[in-house]
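In the two assemblies presented below, chain A is common to both, partnered first by chain B and then by chain C.
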Partner chain A sequence: MTLAASQGTAVDGPTPKLVVGRQPRNRRRWKLIGLAWVAPALGVYGLFVLYPLTQTVRYSFYNWDGFGVATPAGFSNYRSIFSNPELFDSLVHAFVLIVFFTVLPVGLGLVAAAFMHDLVAGAFSTTARVVLFVPQILPLVGAGIAWTWMYSSDGLVNQVLRRIDLGSLARPWLGDFNTALPAVGVIGTWVALGFCTILLLSGTSKIDPALYEAARIDGAGRLREFFVITLPGLRREVVVCVTVTVIAALASFDVIYVSTSGGPGYQTMVPGVEIYRLTFLDQKVGQASALGVFLALLVLLVILPIQRLGHES
Partner chain B sequence: MTLQILVTTPDVALYNALGAAFHARYSNVTVKVSSQDYNTLVTNAPRLISGGDVPDLIRLASFGNLIKDNLVTDLDPYAAAYGWDKWPQSQFASTRVASNGTQRGTGALYGVGPGFGLTGVYYNKALAQQIGMTTPPATLAEFEQLLAKAKSAGLLPIMINGKDGGQVFPLQNLQMDAAGATQQIEDWIYDKPGATIDNSATVQAATTLQEWAKDGYFSSDVTSIDQTAAPSDFESGKGVFFPSGNWQAPGLDKAAPGKFGFFLFPPATAGGSFSAMTATDLLAIPTKSAHVAVAAAFLNFVQVDPQARQGTLTLGGVVPAGPADAAAPSATAGSVVDATVSSFQQLVKSNGLADFMANATASIEVNTLLPQTQLLMAAKTSPTAFATKVQSDYASALAH
Partner chain C sequence: MLLLFMLFTALPLLSMLSTALAPDGSVPHGLSWPRHPHWHNFVAAWNTANMLSLLRSSTLIVLGVVPASVVLATMAGYGLAKLSVPAGKYVYALFLLGLTLPIEALITPLYYQSKELGLFGTRWAIILPLIGLYMSFGVFWMRTHFLATPPELDEAAQLDGASTSQAFRQIQLPLAAPAWSSLTILFFLWTWNQFLLALVLVSNPNQRTMAGGLGVFQGQYGTDVVLLCAASLLIMTPSLVVFVIFQRHFVKALLQGAIK
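For the complex of A and B:
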C-alpha cells in the first residue's frame, strides 16, 4: 500500500492541470497496478506457504496415511505429543540445541566482530571472514558427513587429542551417550558462527566512530567500550541472528539426520527427524502434522518476545 | 512394448541382466530399468505408484498401507496360472497379506522376488584358527566359549554395525534359540492379532546380548560403527565373528578369497534345529500398471529361468528359491557365497527361516529396536524393560 501511494504522489506531482475530481480514480488505478505487481509473489506465497500451512493444521486433526480414507481424530494427535516420552524428549533436545545454535554463535560472533572491527582491512581480515563464512555456503548434508568422520574413533578430533596427550578424552563422540548431543550441537555452532559474525561485523561499521572516540577520551577500556557502545549499537543485528538461529535449532533436521539419526538411544532425537519418520515411515500424516504445528507454535512463542526486544528504543 | 521396472540403485546391474534375458526370450518386450537409492524409494513408493506414469514393477521394502489403499495387484491368479502354488510355500509367506491389510503370512499374494536374503555369522578363518576353532560352533554355549577365548586372546570377538542396528540380528537369533522355535517371533513379525514377544524368551535374549556387551565382546565404539564401516573393518582383520547377511558374501569373497567363512547362528542345544532370518527382495505390480500380465510373466521368469537364477546369485548375492526341483545356481566351491547357498537350501528344507523383526512395522527398527538395543548394550535399560518397551511400541504402531 505504501508503495502504491508513494508512486501515486510522485506521478501526480508533475501534472498540475489535473482535475481535482479525477484524483481518487487515478489513485485507485495506481493501487490496482501496485497490487498487480505484488500478485505473482503473493500468489506463489499463498500457494506454496499459506495453503500448505492451513492443510497441515487440517491434517493434524485426522488420522490419515496420506492416501486412503482419513478419520477424524480430535485432539488425540496433540495429546500424544505429551504422552509419548520420545516425542516430548525430542522437543527438550531442540531447546538444548539453542545453546549451541544460538547462544554460542552469537556470543562468539560478538567477540569476533568486536576484534575484527579493529583490524586493518587486509589479507588477514579478509581470510578470517571467508573462513568463518564458508560453512554457510556448504551443503549441510556434506558438512554433516565430514563431521561424522572427524568425530569417529580414529577421526581428526581424537587424533588431535592423542597428539596433545589428552588421549584419555578420546571417544566416539557421536556414539557416546553423554557427548552425542553436545557434539551434534557443535556442528551447529560451526555453521552459525560465520553467519552471525558477518552480520554483526557489518553492524559495527554502522556505529558512529565518534562514540568510540568520546568513550576513549572519557577513559573507557576495551571491555567497557564493548558493553556501552558496541553491544547496544548491534541490538537489531543480534535480534536477527538470534531469530534465525533459534529457528534453525528448533527446526533442525539435516545435520542430525546425517550424523546420528537421533541415536545413540534417543539421545539426539529432534522433532524434525520425528516428523520425517512419522510421515514417510509410519505414514501417520496426522500425527506428523500435529507435531509440526506444535513446533511452529513453539517457534513463534520463542521468537515473538525476541522480536519485541529489537523494536524497543 | 516396454516393461518399466523401478528398483534400488545397487540392484540395477542385476535387473538389467534379468531384463536382457527376458528380452532374449520374448523379443516383443523391452525391459527398462530405473532406480532410486533405497531410502528415497522406500519413502516415495506410495506416491510413485499412486500418481500417473507408474512403473510396471516396483521394489518395495514393506507393504505399509499399500494393500489397504488398493495400490498393488493381487498375484494369486498368476500363482495359480504359473503353478507357483505347487512350490514350497514358505517362500511366499512373507508377501501374503490378510484382508485386514496388515497381517502377513496369510491371505492373498502381493509380492514375489528373484532371491532371498539370509543371515548368519561370518568368521575370519585365520583368527578363528588362532582361538582353536576347527569346526563352526554346534551350540550357543560353544559359540560363547569361542567369544570368551577371542576376548582373552586380545581379539575383538564380534564386529557389528551398532550405529544402524546390526545387533538386532544376534538378538533375534538369541530370541529364537530361547523360544526353541521361530513360530513365536514370526507371528509377531507378521502382525498376527494378539501376538506378543514381551516374554521370557525375549528377556533371556536381551540378557545375553547385554552380557556380551558387558564382557567386552563388542567394540567400545560399537554405536558409531555403521553398515559401511563394519564389513570393511572386518575385511581388514578387525573382529573374529561378524553376524550379518548373505548380501555381504560377494564383497568378502572379492576382498580376500578363502579368507572368510560362514556358519548359521548355532541352536541352543546340541542337535537342535538351526534358524536364520530371511526376506525376499520383493517386487510388486502396481494396480495402475498398464502391463500387469507381462509384469507377472517377468516375475515367473526370474524364478524359474536357470540363467536368471544364476544372475540373481552372481549379481545380486541373494539366493533364488522357486520350484522344489529347481537346480541351485552354482558358486565357486569353498567361497562364502557357496556357504550361504547351501545353508539356505538346508533351512528351506528344515523350515528354519523367519522374517526379520525389523519388518514387523514400518518404523519398529529405527524407532524402537535400534535405540533400545543401544540402550541395552550400554546397560541403560534392563532386559525386562526392553521386552516391555518393544512390545508396547509395536502395539501402538499397529493401533491405527
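For the complex of A and C:
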C-alpha cells in the first residue's frame, strides 16, 4: 500500500503490459493520450497536495507570523522540536497514544481471533459486524464528545466506579494531569477495536482449518496453535491494522481537539493539535510548518519498517 | 468475547442517548434512563444546531467531492494501468507519496492558498483540497483493480478496433463497478466526517460538514450536556442510517481498502 511496497513487488504482473486501443501512427501522440487520462487527477493533486507540501517545507525555514515580514530561520525551527519541551512532549504523547490506538486494539483483536477462528456466519455475526463497525463510521468528533461525557464527573465511568464501591477512584478523568492522556488513548482504542477485530476475524477465515487439525493431532495446546498457525496466517491483516492505527495515532487531531484541546496543561498535546495551535493561535507559522514536515517524515519512518516486516514472506 | 467488545462499543452511545432524553438543563448521572424521556430535546437540538442547513451543506460538499474524485481517480487509474504514460512509474510514485501524508502537514499552506484563491470561507475551500487529497488512495485503488483485469479483454477490444474511450466505457467501466462503488462509499464517509479542513477553512458553521458543525456546537453549548448529547446523536444519525442500509457494502469496502 505504500511507496516501498510498490517498488518492491512486481506490480505490473508477469506479462508485458498490453496497451489498449488503436495505435496511431504518431508515437508521441500515443503517449500523450495516456497522459490525458492521468492529467486531471495529477492536476488537482499537484495543486492541492504537492504544491502546499512544498510551501510547508518553505515556511519551515522562516520565522513568520502569518501576515508580517518573514525572517529566515535556518534549521532553528527544527532544532526547537527537540529543545522545546512543549513540542517534544507532543511527539512523546503521540507515541504513547500508539499503545492505545494500536497495541490494545490489535492485541484484543488477536485474542478474539484466537478464540473464535471457527466463527459461524449468521445473524449474530452480522449484528456483531454492524455494531463493532459503528465507531469507524461515526465522525471522530462524535467519538470525542461521547467519551468526554462518559469521563465527566457525572459520567458513566464514575457512575460505574461508585456502583462497585470504588468511588474513591472517581475523578474528572480528562482533567486530571495523570489520567488525561490514557483516557484520551482509550477513546482511540474504542474507535479502532471494532475495526481491528473484524479485520482479524475475517482474516482467520483464510487460514486452512486442516492446519489446526494437524496441530491438534500433534498435541499442540491453544497457545502454541496461536503462535504457530493463527498469528502467521494473520500477518497481512495485522500489518494493515498496525499501519492504519499508527498513522491515526501520530496524526491524531479530531479526538484530542474535541475532548481536551491538548490540556490539562500540555498533558494531552499531540503534534496535530500543536500544529493547529502554532499556526492559528500562536501565529508561529514557521514553527508549525517545521513540526508538520517532521511529523510527515516521522510517519514514513515508522510505517516503512512495518510494511517491510509485513512483506517479508 | 465478541459480546464484550460489542458492549464496550455500544456503551458510550447508549450513555449519550439516555442523557439526550433527560429533562433539559439538568445534569444526569451517567447511564440512567429518565423516567419521562424528553424526546422533544431532539427537536430543540435540531433547531439550535441548525441541522437542516448543516445537512444541506454536508450534502453539497459530498456532491462536490465524491463524483469528481471517483471520476478523476478512475481515469487516472485506468491510464496508469492500461495506457502508456510518460514516466508512468514516477507519476504513480508521486501519487503514493500522499498516502501516509498527515493532513496537518498541509493545513497551514492550504489556509493561505485558499485565501489567495479567494476560496476561503466557501465550500470550495473544502471541496477542492479534498479531491486532491483523495487522489492518492483513489488512483492506487483503481489502478490496482485495472491491473487485475484479464488482458484477453483488452486484446478482444483491440481486435474489434475499439478506441481507448470506447474500450473504457463499454468494457472496463462496468467491470470495475465493485471497485468504484467501494471507492464512492469510502470517499462519502471520509468527506462527511471531515473535521479539520472544515474547521480551519470555513468560519461560517453553516457552510461546513456535519462533523465540523458538531465540533463547533460542542464549543458553544458544551455545558448543556443534554442538548449536546441530543445534537450529537442527531448529527451522527445520517451516517448511521446510511451505514445500516448499506452495511454489507461499507464493511466490505473498508476491509478491502485497508488490505490493499
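Keep in mind that, in the parts below, the second predicted complex is superposed on the first by the 269 of 313 C-alpha atoms of A that agree within 3 Å, B and C clash if a C-alpha of one lies under 4 Å from a C-alpha of the other, contacts with A are read in each partner's own complex, and residues count from 1 in each chain.
Keep this in mind: contacts are C-beta pairs under 8 Å (C-beta built on N, C-alpha and C of every residue); 3 or more make two chains touch, one makes a residue touch a chain.
Please read these numbers as outputs of a predicted model, since none were measured by experiment.
Annotation for chain A, partner touching more residues between chain B and chain C: C. Look at A:179: by the touch rule set out above, it reaches neither chain B nor chain C. Looking at the shared chain after the overlay, A:156 reaches chain C, while chain B stays out of its contact range. When the two structures are aligned on the shared chain, A:132 is found in touch with chain C, with no touch to chain B. By the document's definition of touching, both partners, chain B and chain C, reach A:280. In the superposition on chain A, contact of A:271 is made with chain C only, not with chain B. Residues 66, 152, 280 of chain A lie in contact with chain B in one complex and with chain C in the other. Considering their complex, residues 42-43, 46, 50, 64-65, 68-69, 71, 162-164, 220-225, 361-363, 366-367, 370-372, 374-375, 378, 380, 397, 400 of chain B touch chain A. Interface residues of chain C, counted against chain A in their complex, comprise 1-2, 5-6, 8-13, 15-16, 19, 27-32, 72-73, 75-76, 78-80, 82-86, 88, 91-113, 128-129, 131-133, 135-136, 138-140, 147, 151, 154-155, 157-158, 161-164, 166-168, 189, 192-193, 195-196, 199-200, 210-211, 214-215, 218, 225, 228-229, 232, 235-236, 239-240, 243-244, 247, 250-251, 254-255, 258-260. Within the complex formed with chain C, the chain A residues making contact are 1-3, 6-7, 11-13, 15, 17-22, 30-31, 33-38, 40-42, 44-53, 55-56, 59, 66, 108, 111-112, 115-116, 128-143, 145-150, 152, 154-160, 190, 193-195, 197-199, 202, 236-237, 240-241, 244, 247, 250-251, 253-254, 257-258, 271-272, 275-276, 279-280, 285, 288-289, 292-293, 295-296, 299-300, 303. If you check the complex, the residues on chain A that touch chain B are 63, 65-68, 86, 151-153, 171-172, 174-177, 261-266, 277, 280-284.
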